[in-house]
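What follows is subunit A paired twice: with subunit B in the first complex and subunit C in the second.
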Partner chain A sequence: MMLPYLIVVPLLGAFAMPIIGLLGEKAREAWAVVVTAVTLGVAVEVFNTVWRGGILLYTLGGKGPLGNGVSFPVRIVWEVDLVSALFALMVTFVAFVAVLYSTEYMRHDTGLEKYYTLVILLEVGMLGIAITGDLFNFYVFLEIMSIASYALVAFRNDTWEGIEAGIKYMFVGSLASSFVLLGIVLLYGEYGTLTMAYIAKMVAENPTFTAKVALGFLIGGLLFKSGAVPVHMWLADAHPAAPSSISAMLSGLVIKIGGTYALARLAFSVFSLGINVRTMGWVIVLFACATLIAGNAMAVVQTDMKRLFAFSSVGQIGYILLGTGIGLAAYGSDVGNLALAGAIYHTVNHAIIKALLFLVAGAVIHQIGTRNLNELSGIAKRMPVTSFAFLVGAAAIIGLPPMNGFASKWLIYESSALFNPLVAVIAVIGTAFSFAAYIRVLFTFFGRPSERVLTAREPGKAMLVPMLLLVVAIIIMGLFPWYIGDRIMVPAAKTLENTGAYILALTGGA
Partner chain B sequence: MIPFQFITAFLMMAMGIYALLYRRNLIKLILALNIIDSGIHLLLISFGYRVELGRIPTAPIYTGYETVKGAMVAPLPQALTLTSIVIGVCVLALAMALTMNAYRHYGSLDVKELRRLRG
Partner chain C sequence: MNLIYATLGFIGVYVYVSLVSLLWEGMDRKLVARMQRRMGPPLLQPFYDFLKLVGKESIIPRDASRFFELAPVLTLATSIALLAYTPLGFEPIFGTKGDVIVFVYLITLMGFFRALGAISSGSPYAQIGAQREMVLIASKEVPMMLALFAVLWRLNGLGVSRPFGMGTFYEHNVWELGTPLSVIGTLILLFVFLLWLSSEIEVGYFDVPEAETELAEGPMVEYSGRHLALFELASAIKIFVSASLVVAVFFPWGVSGYLGLTGVTALVAELLFHTLKVFAVLFAGMSLFRAITGRLRINQAVSTFWTRLFPAAIVGALLLVIDTLGVVA
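On to the complex of A and B.
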């Protein structure tokens, strides 16, 4: 059983970092890369086990989750189904790439042992959210992730931009975390337990008004964290202000693991048996439509490259929420299953694509020193590899067929068209805006070189290799979309919908 | 009849959210966040209180328990509250550090002045 090492290895890495940091810069970078690489290896192993063997249950400090002589769970459990394992794999992959990238990208900054400690702690928080099966444990990991990301957004505290974005992110994020905690407290007060699967059972038996209020607080808090539209403003400030390797992790992972994944997990695995899933699905679909349109439309008018990518992230979160919402509203039907598979697929795809785009933006800022699109024409002449990576990323995020974004968006379009044509129209309008935004950046990259760009050079290997790794991942996933869809994403959606199996894995068939 | 602890807890949360919305000083906003947190802790702790007829509610500590023989309150919410207090202090420290830096860059603690990021 490799599952505990998913937390043990990065935690050891983070806590040993201040000591290893005493050995000097090279040792610190090597340690960070090794720790994230080993975590990636563990995640591959865990994914492989879960993919072949079904839901994996791990009890902390005991042989089984049930107490001595009682039939309810008394310990913290980690419950890993295919969705969790897939997202853990995605987290470790992107974190590894980002750490590899920051060995060169962050070289000019000071306080790097704190930087690497925080990055690895961010990874710990996200992995914990993915694998946990306990509500309070989920809250603790959510806070580890959130606090690490507040500190990383404000990491360059000699710039006003980082501080302002950090403060905004921190106040909004803490309020959202308080909502999540309040929801968990209300659930505990009502049902007297904190294990997700066991609460699911009790909600199914006795859905009370308090449980619905708690669900409201939880959904509200998690929509904050995922950057859905009425509460997306912090995201557009925080992502551009962070160092680019961190933007890649924030945009690719944090808003998905702490936002949409947690939302889907709570909605499907905890509440789907007890409450009206149609209503909850429609609420999420409404937020998703607003997010789609507003995020992508705001991306078109930006002149700042990273801000454009950040708003595009808001737009893509809209697609993921749309898939999740339709999955809930059409619960149990083929359409719902397809939409949920699309949402899971799009989460993974967008994590890789947006990480690539932010790394490209980081390379441009690192080499040229500006991210204003009006000053950056003609980069392709001086930085061909970076431009090629951007071209692949832009094609993938719009959803052109040879790239991975096509299949996931297709699943979401198809299911939303079958579900409700109006929703499909909104989704297509969102993509049109996104197309316009990226075409603009593309023209900037391939125009006539401006004066600032003339002296630019390609970044070093430590920055190019991570980008090319992500490009390769995008193309490989783009070449076998339906194979991946049928073998991984549809079974993952089925396990997420199958709340009974989730509960049964905990209670052991009793 | 809602117990008065719950009412107090929800009042504290409402006060915190009110202050978060209508105050402009960054330090007052940090205090507001802490008040919200304290409200949630109060709610959580009071979920664990139990009253049994004729027995005094005691803290769940077994040292010297034989002399009291009271009804022990639930220990789980206390563990959760302890964890949550630590997280609250962590957020407080980070928020204070960021506020100091904000004062250095902006020369003011007014949140309305922190408006340079736009678009």
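On to the complex of A and C.
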């Protein structure tokens, strides 16, 4: 069973980093790349196992989750279903690409042994959230992820914006984390257990008012983490201020694993049997609609490239929340299943696309030294490969057919149109805004070269290769959309909806 | 094996449409010349133009980026891909359910690639032309899509094998509904479609982005030699394809049934008859329109779409919808 190595390998990598770092810069970079590559390999193996064999249960410190002579789980369990495995794969892939990119991108910064340690810890936190089946364990991993990302946002602490964004992110994020903790405390006080699947069983038997309050706290905290609209303000500051390799991970992964994935996991696997899913779904759909419109509309008016991408991330989170919300509100129907599959698919697609876009932004900043769109006219002349990567990323995020963004958005449009036409109209308006925002950047990139751009050059191989890797991933995923949809995303949505199997995997099996 | 036949058919269609669409351009120029009491160029003039352009040196501006050279290729590639989804008297070669969206997407993408090439040239004339192109794309496709989807939705109610596919028009057509409301609605939509056609091929009122006298060819100003030749060929194909859409929606009747033809001969007969119909539609939507109207300003052109054609498309679509209720029998 390879599952433990998903945490062991990067944890070892992170803790060994200060020692390896003594050997010099090259060793440090090589170690980081090797560790993330091995983790990616482990994630592929885990995904393969889960895809073929169904839910994987792993108990820490024992043969089975149940205690001696008792019929309830006493140990921490990791419960990996198809969704978790898929997201673990996505996390390790993007993290690998980002680390590879960092080797050149971060070369001018100091304190890099801390940087790589934090990046790998960030990966550990996200992987932990994806695979855990224990509520408190989830909180611990959420905090590992959050604290690593606070530190990474403020990593360039000689710039005012890094510090400012870091403080903002930390205050808001800690508050959100404490909401999550409060929710967990309430659940523990009410039901006396912390294992997700077992709580799900207890909630189904006895849905109390406390459970609903706890759910409210959890949803509130996790919406913070995902950057849904009333609480998205930290994101628009944090992503531009962070180093671009980190923005790629923040925007591609952190807001999804710590936000929308956790939300979906708690809503479907823990609460769906006891709580009215329709209400819960509509609450999320409302937030999603606000997020869609506000995020994409704000992206149109930005002049800072990374801020534009950050607001676009908010907008795309809206699509994912919309799919999740419809999946809940139309629970058990074909429409709900389709919407949830769309949400999962879009999570993976957007992780790849947004990672690419932030890496492009990083290359532009690295080579030209500004991210003001008004000064960046005509990059295509001097940096054609980077511009091509941007063209692919922009086409994919708008959802043009030969790219991967099309199929996932299509699933979400289709299901929302079947669910409620008004919601579909809102989704389409969001896309129109997003289209306008990216066309603007595109025309800037392709315009007449400005003074600043004239001396620019393409970045080195270590930055171009990660971008091209993501471009290839986008195009390949775009060529087989329905194959991937039917083979992976729809089954993933089914396993997420099937709370009974999730509970049974804990109590019945293993 | 099927795929090979389809590919061969696709290549055949491409060759045929390239020849015919260039031939139509020659006819159009001749017709417009005759309307103005001129002799006009010979019928095959577009072929000579094309060959000459291919032979000429292509000049790349200093400020141009690599996409300047890529854009004509992408535009032509898109127009060729478009042929696979164009109804040409018979069902599109690669037609499936829902391929209408692919059609609209590809025809829009052509304009977009043209604008991209113009932007990449670094010339301010081309940039203004490209901006106008984008504004016009954003305006003109809306009424057309509304009209097209309304018709397809209505035909879908009659029972078709591939809903929202381009082949739908050869199973049922809008005229066979026959009720007064549907006929009025269809006529309104036909009007919308004809103006859309004129704007898609940028003639008459809607010669806004290229605007020879005002903007010196707009998006095309920096293109020369074989790059320009590719664009010319692509836009000739686009003219044929756009008109094919109008023909398929409103005049899809075939001839092979009357002549008792089957198999390949039927396909050829349908293709020829379709070409005739396309020429007829283009005569109205292109030659006449071009000869008797002048160019609008960009703001006038945009407001024509949003305040005249879009409401017209809404009214036409609503009439088709109300017709399903059976209020007026």
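Keep in mind that, in the parts below, the second predicted complex is superposed on the first by the 508 of 510 C-alpha atoms of A that agree within 3 Å, B and C clash if a C-alpha of one lies under 4 Å from a C-alpha of the other, contacts with A are read in each partner's own complex, and residues count from 1 in each chain.
In this text, a residue touches a chain if its C-beta (ideal position, glycine included) is under 8 Å from a C-beta of that chain, and two chains touch if they have at least 3 such contacts.
Keep in mind that this is a model prediction, so the values were computed, not measured.
In the model built by aligning both structures on subunit A, subunit B fits alongside subunit C without clashing. In the superposition on chain A, A:282 contacts neither subunit B nor subunit C.
Computed from Cα centres after superposition, the angle at subunit A between subunit B and subunit C reads 150 degrees (steps of 10).
In the superposed model, A:51 lies in contact with neither subunit B nor subunit C. Subunit A has more of its residues touched by B than by the other of subunit B and subunit C. Of the two partner chains placed by superposition, A:72 touches none, neither subunit B nor subunit C. Here the smallest spacing between CA atoms of subunit B and those of subunit C, following superposition, is 26 Å. No residue of subunit A is contacted both by subunit B in one complex and by subunit C in the other.
By the touch criterion given at the top, residues 13, 17, 20, 26, 29, 33, 36-37, 40, 43-44, 47, 76-77, 80, 83-84, 87, 90-91, 94-95, 98-99, 101-102, 105-106, 114, 116-117, 119 of subunit B touch subunit A in their complex. Within the complex, the subunit A residues that touch subunit C are 378, 380-381, 384, 387, 400-401, 439, 442-443, 446-449.
Within the complex formed with subunit A, the residues of subunit C that make contact are 63-67, 102, 105, 109, 116, 119-120, 122-124, 127, 130, 134.
Of all residues in subunit A, those touching subunit B in their complex are 136, 140, 143, 147, 150-151, 154, 157, 160-161, 163-168, 170-171, 174-175, 178, 181-182, 185, 188-189, 194, 236-237, 240-241, 301-304, 307.
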